[in-house]
Each structure stands twice: as structure tokens, then as C-alpha cells.
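What follows is chain A paired twice: with chain B in the first complex and chain C in the second.
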Partner chain A sequence: MLSNIGEILVFLILASSFLIIYNAYIDIKIRNQVVKRMIYNLSLFQITFTILCFFTLIIGFVNSDFSLINVYENSHTTKPLFYKIAGTWGNHEGSLLLWINILVLFSFLFLVFNFKHNKKFRLYTLIIQNILIIGFIIFLLLNSNPFSLIYPVPFEGLGLNPILQDPALAIHPPLLYIGFVGCSIYFSAAMASMLSEYKGKEFALSIKSWVQISWCFQTLGITVGSIWAYYELGWGGFWFWDPVENASLLPWFAITALMHSVMVLEKRNSLYAWVIILCLLTFILSVTGTFLVRSGILNSVHTFASDPSRGIYILLFLGLMIFTSLIIFFKKYKKESYNFNLKTRETFILVNNWFMAFFLVTVLVGILYPIFLDVVADIKISVGPPFYNIVIIPLIVPFLFLMTVGPQFKWINSQKVKFYQTLFFFFGAVIINLFIYYFFGSYSILTNLIFIVAIFLILQCFLDAKQSMYKKKIFEYPRIISHFGFGLLILCIGINHQYSLEEDFNLQVGESKKINNYEIYFKNIKIEQNKNYQSVIGNFKLTDLKKNLIQYLNPEIRVYSDPETLTYEAAIKSKITSDFYLTMSNVSRSEYYNIKFQNKPFMIWIWISAFIIALGGFVQLMLKKNEN
Partner chain B sequence: MKINISKIIIFSFVTFFLSIFWLGLKKDNNYNTKNIIGNKISNFQLPSIYNNKFISEEDLKENKFTLINFFASWCAPCRAEHQYLLNLSNRNREIKILGINFKDKKNNAISFLNELGDPYNSVAEDIDGKASILFGIYGIPESILINEELVIIKKIVGPIDPKQYDEILQLIQ
Partner chain C sequence: MLTNKVKNRILFLTLIFILSSAIIFFIIKSLNQNILYFSTPTNIKQKEDIIIGKSMRVGGMVKKNSIIIDEKNIQFIVTDFKNEILISYSGTVPNLFAEGKGVVAEGKLNDKFFFIADRILAKHDEKYMPPEIKKIMENNAK
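Presenting the complex of A and B:
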């Protein structure tokens, strides 16, 4: 029943896509500035069908309708309702449907909200977006149908992978999807811009908000994913340079570059070709990321759902997308001449773009090289933190420095920039850095250089905030907030990296271990029966010998029943200044437990500053809304 | 049309990347150990920890059954399963056990075996863990049971427990 409804709805979405393309094509030839009512209606139908279709699948999950293979494979009757719903997008088929939802949603919103822009441009965008939608629907129907039936109907489902049963992970995919799939709309808009010759400032204005929306959601999505890896996977860090994490960074670098250069296009009517390239690249990289994760070509803890046959389809699609966009780009490309004065904001934005491009290429090489080597020479390597740390971290120093200085310049021409204040702040940063050194008592040249530039950026942001408040320049706020967040992020990462304590050892009940100023006492063990898992909970007493503070940490080992899986829940005590982190894992048939203890300073501030970065984007959107 | 070098370069780059992806997809995934049973083990050659000789798949062809056990002195669950390995080697002549010492120091491994007893007919070392990956090993302890044709008949992830011990005995009877 649900299966039929779902499949009919999918076909209706497909049909409306074809109708939209047909009608839009006819309408383009009509020389007026009004888009036919019919197209609006079709779009409205399409979005309605899409949302209904997704709800149908959610109902399947909520009611545990095991006649659907997808529900059978990813759900279970004993699962809490929240995770039944989250299970809808916790698997490949369901998440592809979510993907289509977002494609359609953005297609609809773009049509409705960009009514001020050129008709031909809007219609071309709609056509291209609908071609993308058709491509993904065909993929869904041929290869990943969430409404496929199973017969005989099983009584019980297989259950959702327990490590996916986490609140952070329930919201992580939708956020990331809005971010990544949202890029599709300015991919389409960029193609449409080339086809309809709708260029320059107007084009920049038409895509700006969409770029910001998807940038905000990407930032949030990546942060939430990182929080999940920390709290749930129990890895004890915030970023692991895992290939899948990196795949999510690729579009983020491109979109961050785009967000900056689109301003140049808006203010200076320059860099058009570069903006187009970034628009195309962002979505291409999003699809590349999807390909890498879903095809199983990457080996990573994150690859929950991989299947090479999916890979071939996505690859085909990716190839088509790249070649079509390249051909159109080269056909329409006209050489631009840039005449930027050195001491202007646009020059610094260009520099930002070069850095972003460099980071992007580095991460791309880190992802591709192992695949390349495996294919060509049958050698298996993994590119991990050492590579990225060596290549990326030293460049953070000039990057942050320019990020601080850049916004002090004005557009087009800055005659006199008052640098004595900036210089003063720089010395301030050096002094604060000395305090950090004095307080923690250890030193590393590179890390401390990073401290200096990060503090420099933070201080400058405070000054900028004060000045823009004084001069009532509200439009500067988003930039200041995000840049401040970024400075704080780098500072916290630096401190966290430099001053965290990590120890690995075996303990049995009743034993204790002393590490620096801390004593860990393994008090006892408790076994608890929960709804869908059994847990072994350790009780550890952590004494801070210096401050005479006592805390209790309770790491868990969970034994899930469906499917039978062990997961390790870290005990994490987050405080404003530092996190205590303790995991235990059982050593089979032995009294001993393996304990991993960490004290990580400013851990929570890493997430907070990442949220601040995203907040800047949201503030921008709010301001924009008020402007309208 | 005018031939433009930058265009050619870009197009060939894209084609290159896409073909790498394509080839990557077609390649057998060694990490995927789901369907490992029924496959022949891949060829390997690893140094013995006791002498300068090398151990390879050729040495295993003489055995009716071989249990390849991946262990390390630093791995606590390996201690737990050790008794079962000892039982297997003491009570059963049909099966030979090859130990592969995973990412370990030679001296530590030898003292580990001196302390707990040595169930292995031979012990090879895999210092960087690469060979173990080719066997489809995620982490240790893991064991692979193969027959004389070098075909994998069972894979055990994690320490051997009584149930799996019985299954091994049944399989080799």
C-alpha cells in the first residue's frame, strides 16, 4: 500500500519535472518578463508531491511497515520513535529521497523568491535544476528505490546501526544535505547565466542569498558531524582527516571562496568567470563527495552505506555534469581583465580565494592519491593527519594574518588606512601569547605563531565591532562575527592540540592510576538493562590532586540486540575550560579494562566557535531579509 | 575550431580523474571482508620472527587445515584467546596454526609467547600491518581458517570463544 503510494508520487514528481521543462522551454521563446502561471503551479505541485512522498516513507518507518525492504533493513519495532523517524534518512535510499526533496525545494524557492530577475535566466535555471532532479529520480528508481517490497513480509526489522542512533546524527544528514544539495541551485543558476547571458552584478545578487544559506548549513552540518564523532564514536578529537570528513570539506572550501568572490562580482562587477567556475565546482564537488562516500571507493568508518553499482551511476552522472558544464563554459567564456588596486578589499578577497583553492587542492590530493595508487600500482596507503598538518597548518599563519588585515581596506581604492591601531593589536597578541606560554609552560614555534595571529584576528574583530557599532555599519556584523568565530576556532584548536593530555592503560576494578595531577580510581561496575541494549557501566573516580576536586566518570559499553553490536560510549565531562574524556573497552575474559583518558583544554569552544562562524551567515540572511 | 592547450589540459585532467574513479570502482575491495569466505588467500611472503627464513602461501599447502591467527603482544584480547589456540595445537594434528604478529616488536612478541606458551607452528611478522590488510583484517585478534587449497572456510573477528572453538573443530573433522 505505502509502496504503491510512494512509487506513484515518485512518478508524479518525475512527470512534473518533464512538464516544467517543456513549459519553461516554450515560455522562454515568449518575449515578455512574466513567467507563466502554469509553471508556478507545476512547481507547487512538484514540491507537494515530493514532500508527500517523503512523508510516506516516514510513515513506513514510524509504523514499522516491514513490507518495505528499506524499513526492514533499517528499522526495528523496539526502536524509540525519534530514531524510527531519523532512520528514514539514516540509510542510502531514504537519504536519496531527502536529496531529491532538497533539489525540488530549492528549485521551487528560487523560482518564487527571485521574481525580480530576468525571466530567461530564471527559466533556464529551472530547466537545468529539473534535469538534475530527473537524473536523481532515475537513479532512485533504477538502483535505490526506498519503496521496494519484500515478500513474505518479515515480522521484525534488522535495526538501525546503533552508532547512528544519536541525536547529533539524526540532524547531521538533513543539515549537511541542505548545505550540499542546496549548491545545486547556483550550479543551475550559473549554467543559466551563461546560457541567457545574464551576467555581472545582477547575477551575483540572484545567487548571493542561496550561497549564504547553503554555506551556513554546510558549516553547521560539518560541525554537528564532528560533535557526533567526538561524543559517539569515542575517538577523542574533533577532526580526524578521515576521507569522508575530508570529502565534506571540499565543497566547503569552494563555497567559502565563492561566498567571498560573489561580493567582488556584486561590488566591482568583476571576477564573473571565476564566480561561475566556483558555482559549478561547489556542486560538482558535492556530488563527487557523495560518489566517494556511497560507492565504497573510500574506506572509512563513515561508509555505512556503500555499493559499487551505485557508484557507477553517480560517476556517470558526475561525468555528464562536468563535461556539459565545461563545454558550455568554454563556449561562453570571454577573457576578463582585472584591474585591482593592490590596497583594496577585492585584492584580499582574491588572496583568500587562492588560499581556499590551495586547501582544496591539498585535501583533494589527499583523497585521490591513495585511490590512484591503489588502482595503478596496487599499493594501499592512507593519507592521514601528518600530511595535512605539514601542508595546511603552516599556511594558517599568513592566512589568518591576511584575514585580519584584509577587511581594513575599502573597495576600489583605499587611500589612507590607519595601521597604528592594527600594529598595536599585533603587539597585544604577542603579549597575550606570552601569557599563554607562561600559564601552560610549554612552547612550539608554529603553534605559538598560530596563537599570535589568531589572537590578532580576534582583537581586530573586537575593534571592528566597536567601530561599526559606532558608525552604525550593520552590514559589517556578519563578516565580523564569522571572522571572530574563525579566529577563536583556530586559537582553541591550537591550545587543544598543544596542551592536551592523553594516556592509554589497563585497569581492573579496585585499582587506581596516577597521571600528572590526576588520579583515576576504578570504583566498580554496574550492569543495566535498557530497552534495546544492555550496558556495562564503569564508575571511575577522578581526583584532581592539585585542586582537590573529585569527579565521577561513567563510561559505558553497550551491547545492542538488533543488530548485535558493541558500542563504546565515552564518559565526557565538558567544562568551560577543558573536557575530561574517558573510554573503557573490555579485554575479553579478563578482569582488565582498557582505559583511554584524555584531558582536552577548550574542547567545547571548538564547537562554539564553529557555531559562531555559521551564526555570521545567519545574521547576514536576517539583515538581508530586513532590508527587503 | 581553434585548438586551445588549456582546454585540452583541463579536459584530459577531468577524464583522468573520472577514469581513476572508474577503475577504483571496478577493483576488488580488499577491505570488504563480507564475502571473503570461499576465496583463495592472496599470495604473501613474510619474514619469520625466529630466523631469517620467509614464510609464504607455499608453506601452507602441505597442511590439511591452517588457522592464520593475527596477534600482538600489546593486544589484550589476544591473551584471552590464547588458551584456545593452545588447545587446538595440542589436541589436534589436522590443523596447523600460523601466527602473524601484527604491528609489534619482535622481542615483545617472543616474550609474549614465552609467557603464555607458543601454539604456533610458525610465526611471521608483519611490522607495518600491510600484509594483514591484504588478508582482509580490520583489527586484531582475527583468525582465518583455510584448507589445503588455500581457500578460506571461516573467518573469526575478535577473540576466539568457546562457540567458535567448537565450530573450528567441527569444520576440520
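Presenting the complex of A and C:
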């Protein structure tokens, strides 16, 4: 029943896509500035069908309708309601439906909200976006249909991977999808801009908000994923330079570069071709990431039961996208003249773009090189954190420095340079760095250089905030907030990296262990029965010998029944200044428990600063709304 | 003769070319220093030129009844059904680490028969087997 409804709805979306393309194509030829009512209506129908379709699948999950293979494979009657719903996008088929939802949603919103812009441009955008929608719907129907039936109907489902049963992971996919799939709209807009010759400032204004929206959500999505990895995977880090994490960084670098260059296009009417390239690149990288992750080339929790035909389809689609966009780009490319003055804001934005391009290339090489070597020479290698640390981290220093200095310059031409003030702040940063060194008592040259530039950036942001408040320059706020967040992020990562305490050891119940000025006493274990899992809870007493502070940490080992899996839940005590992190594991019911104990300074601030970065983008969107 | 404009352009292009090749050279160089090669116990035994003390990955199956745990370390034997290697590790193991299951250890060789791991990888899914190990098992089963 649900299967039929769902499939009918999918076909209705497909049909409305074709109708939209047809009508838009006819409407382009009519020389007026009003888009036909019909196209709005069709778009409205399309978005309604899509949302209904998604709800149909959610209902299937909530009611545990095991006649759908997708529900049978990824759900279970004993699962809490929240995770039944989250299970909808916790698998390949469902997440593809979510993907289509966002494509359609953005297509609709772009049509409705950009009413001020050129008609031809809007219609071309709509056509290209709908071609993308059709492509993904065909993919959905051909080999990832979430509404496929199973017969005979099973009584019980196989259950959702317990490691995914977590609130952070329930919201991680939707956030990331809005971020990554949201890029599709300015992919379409860039193509439309080339086709309809709608260029320059106007084009920049039409895509600016959409770039910001997807940038904010990408930032949030990546952060939430990182938080999840921190407390669920039990390594106690927040970024592992795992290929899958890196795949999510690629579009982020491109989009960050884009967000900055769009301003140059808006203010100076320059860099048009570069903005177009970035628009195309962002979505292409998003799809590439999806391809790498879904095809099973990179293994991770995102690889739902992998199936080579899926990879081939996405690869074909990707190839087609790159090919068409390149052809259109070279056909329509016209030479521009740049006359940038060296000491201007646009030059620094260009420098930012170079850095982003460098980071992007580095990470891309890191991801692709092992795959390449495996295919060509059958040598298996992996590229780990040392590579990224060596290539990327030293460059953070000049990057942050330029990030501080750059915004001090004005557009077009700025003669006055506040040299002494900047120098003053720089020395301020050096002095604060000395305090950090004094307080923690150890240093490394690179980390402390990073501290200095990060503090430099933060100080400058404070001054900028004060000045823009004084001069009532509201439009500077978002930049200041995001840059401040970034400075804080780098500073906290630096401190966290430099001054973490980590110790691995094995303990039996009743034993204790001393590490620096902490004593850990393994008091007892207790077994608890929960709805869909059984848990072994360890009770650890942590004494801070210096401050005579006693805390209790309770890591868990959870045994899930459907599917039968073990997970280790870390015990985390977060404080403003540092996190205590303790995980325990047990191999083959031995008397000894393996313990990992960590003390991570300023951990919580890493998340806070990542949220501040995203907040900057949201503030910008709000300001823009008020302007209108 | 070349005009000034053309000269400038040539200079600019050469500069960009040199800069980008320097960057790519830099990336590739640090890449080569920092990649982790994946080996099997058989590989380690056969290879003459294996570098002791360099970070690498070793994969195979955890041999049955080979796990020994004391207060400091976990020791176990990894086998590819032809050769074996002893691995020592301290810390928490991933939840899918068990006897008779596939495992990948990251760390350094102490000598050809003893490997000190600083990370154990086993993935998040009970159906999952690292592709490298799957291939070894298929090859050795023949």
C-alpha cells in the first residue's frame, strides 16, 4: 500500500519535472518579464509531491511496515520512535530521497524568492535544476528505490546500526544535505548565467544568499559529525583526517572561497569567470564526495551495503555534469580585465582563494592518491594525519595573518594603512602567547606561532567589533563573528593538541592507577537492562590529587540485540576549561578492562567556536532579510 | 621584439608555473614521506627491504586463542593463514575486535615477528570486512 503511494508520488515528481522543463522552455521565448503562473503552480505541485513522498517513507518507518525492503533492512519494532524516524535517512535509499527533497525545495525557493531577477536567467536555472532532479530520480527508481517490496513480509526488521542511534547523527545528515545539495542551486544558476548572459553584480546578488545558506549548513553539518565522532567512536579526537571526513571538507573549501569571491563580483564586478568555476566546482565536489563515499571506495559508516552499480551511475552522472559544464564554460568564456590594486580588499580575497585552492588540492591528493595507486600498481597505502599536518598546518600561520590584515583594507583603493595599530596588536598577541607558555609550561615553535596569529586575529576582531559598533556599520558584523570564530577555533585546536594528556592502560576491578596528578580507581561494574540493549557500566573514581577533587566517570559497554553489536560509550565530563574522557573496552571477557584516559583542554570551545563560525553566516542572512 | 606587455605576461606565466610546480612537488614529497603502506604477515616475511621503525599497517585475522591481556598491553597474533605476526598494543580496542575477526593494526615493526601498534582499526559494521583483508583471504583460500 505505502509502496504504491510512494512510487506514484515519485512518478508525479518526475512528471512535474518534465512539465516544468517544457513550460519553462516555451516561456523563455516569450519576450516579457513575467514568469508564467503555470510554472509557479507546477513547482508548487512538485514540492508538495516530494514532501508527501518523504512523509510516506517516514510513515513506513514509524509503523514498521516491513513489506518495504528498506524498512525491513534498517528498522526494528523495539527501536525508540525518534530513531525510527531518523532511520529514514540513515540508509542509502532514504537518504537519496532526502537528497531529492532538498533539490526540489531549493528549486522552488529559488524561483519564488528571486523574483526581482531576469526572467530568462531564472527559467534557465529552473530547467537545469530540474534536469538534475530527473537524473537523481532515475537513479532512485533504477537501483535505489526506497519503496521496493519484499515478499513474504517479514515479522521483524534487521535494525539500525547501533552506532547510528544517536541524536547528533540523527540531525547530521539533514544538515549536511542542506549544505551539500543546496550547492546544486548555484550550480544551476551558474550554468543559467552563462546561457542567458546574465552576469556581473546582478548574478552575484542572485546567488549570494544561497551560497551563505549552504555554507552555514555545511559548517554545522561537519561540526555535528565531528562531535558525534568525538563521543561515539571512542578515540577522543574530533578530526581524524579520515578520507570520509576529508570528502566533506572538499566542497567546504570551494564554497568558502566562493563566498568570498562573490563579494568581489558584487562590489567590483570582477572575477566573474572564477566565481562561475567555483559555483560549478562546489556542487561537483559534493557529488564526487557522495560518489567516493557511497560506492564503497572509501570505507566508513557511510558506506551502506555497497553496490558497484550505484557507483557507476553516480560516476556517469558526475562525468556528464563535468563535461557539459566545461563545454558551456569554454563556449561562453570571455576574457575579463582585472585591475586590482595591491593594497585592496579584493586582492586579499584573492589570496584567501589561493589558500583555499591549496588546501583543496592537498586534501584531494590525499584522498585520491591511495585509490590511484591501488588501481594502477595494486599497492595498498593509506594517507593519514601526518601528511595533512605537515602540509596544511604550517600554512595556517600566514593564512591567519593575512586573514587578520586583509579586512583592514578597503575596496578598490585604500591608501591609509593603520600600520602601528596592527603592530601593536601583534605584540599584544606575542605577550599573551608568553602567558600561555608560562601557564602550561611547554611549547613547540609551530604551535606557538599558531597561537600568536590566532590571538592576533581575535584581538583584531574585537577592535573591529568595537569600531563597527561605534560607526554603526552593521554589515561588518557577520565577517567579524565568523573570523573571530575561526581564530578561536584554531587557538583552541592548538591548545588542545599541545596540552592534551592521553594514557592507555589495562585495569581489573578494584585496581587503581596514577597518571601525573590524577588517580583513577576502578570501583565496580554493574549490568543494566535497557529497551534494545544491555549495558555493562563501569564506575571509575577520578581524583585530582592537586586540587583534591573527586569525580565519577561511568563508561559503558553496550550490547545491542538487533543487529547484535557491541558499542563502547565514552564517559565524558565536560568543563569550561577541559574535558575528561574515559573509554573502557573488554576483549573476550578477560579480567582486564582496557582503559583510555584523556584530559583534553578547551575541548568544548572547539565546538563553540565552530558554531560561532556558522553563526556569522546566519547573522548575515538575517541582516539581509531586514534590508529587504 | 617583444613588447613590454608580452614580456610581463611571460614573466607572470613563468612565475605561476614555477610556483605551482613547487607546490605540487612539495605536496607529493610530503605525501611520499607520510603514507602508510599496508602489509600482510607474509609480505613482511618475504620482503627483504622492509624498513623497521617506519609507520605502516598490518592486516589479517586475529588468531583464535591468541589474545593475552596484562596490565599494560594486549598481545595477539595476526595471521593470513600462511604466516603470523605478534602484535602488541595498549589502549582500548574497537568494538568489533575479536578472535577470528579481521583487523588492521597501525604502528611500527620492532622486528620481523613483532609489531607494536598504536592504533587498531576495525570498522563499524558486523558485516564489514576491510577490503584488503577480504582480498588476502580470497587469495589464500585458493
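Everything that follows uses one rule, which is that the second predicted complex is superposed on the first by the 622 of 628 C-alpha atoms of A that agree within 3 Å, B and C clash if a C-alpha of one lies under 4 Å from a C-alpha of the other, contacts with A are read in each partner's own complex, and residues count from 1 in each chain.
By definition in this document, a residue touches a chain if its C-beta (ideal position, glycine included) is under 8 Å from a C-beta of that chain, and two chains touch if they have at least 3 such contacts.
Computed from a predicted structure; not experimentally measured.
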Worksheet item: Will chain C clash with chain B on chain A after the two structures are superposed, or do they fit?
Response: clash
Item to complete: Please work out whether A:535 is in contact with chain B alone, chain C alone, both, or neither, and reply first, second, both or neither.
Response: neither
Discussion item. With both complexes overlaid on chain A, does A:584 touch chain B (first), chain C (second), both or neither?
Written reply: second
Fill in: Superposition-derived comparison: chain B or chain C, residues of chain A touched
C
Discussion item. According to the stated criteria, A:594 is in contact with first (chain B), second (chain C), both, or neither; which is it?
Written reply: both
Worksheet item: Taking the superposition as given, does A:507 touch the first partner, chain B, the second, chain C, both, or neither?
Response: second
Discussion item. Applying the document's definition of touch, where does A:421 land relative to chain B and chain C: first, second, both, or neither?
Written reply: neither
Worksheet item: Is A:380 contacted by the first partner chain B, the second partner chain C, both or neither?
Response: both
Discussion item. If we overlay the two complexes on their shared chain A, which of chain B and chain C does A:574 touch? Say first, second, both or neither.
Written reply: neither
Worksheet item: Once the two structures are fitted together, what part of chain A is touched by chain B and by chain C alike?
Response: 299, 380, 506, 587-588, 590, 592, 594
Discussion item. If we count contacts the way the header does, which residues on chain B are in touch with chain A in the complex?
Written reply: 4, 7, 10-11, 14, 17-18, 20-27, 29-32, 76-77, 79-81, 130, 133-134, 158-159, 161
Worksheet item: Quick one: in the complex, what on chain C touches chain A?
Response: 23-24, 26-28, 30-31, 33-38, 55, 57, 67, 69-74, 90-99, 106, 123-128, 130-132
Practice prompt. Spell out the part of chain A that touches chain C in their complex, as residue ranges.
Written response: 161, 163, 234, 299-301, 305, 358, 361-362, 365-366, 369-370, 379-384, 386-387, 390-391, 504-508, 511, 563-568, 583-585, 587-588, 590-592, 594-596
Worksheet entry | Residues of chain A defined as touching chain B within the complex | 291, 295-297, 299, 308, 311-312, 315, 318-319, 322-323, 326, 330, 368, 371-372, 374-375, 380, 506, 587-590, 592, 594
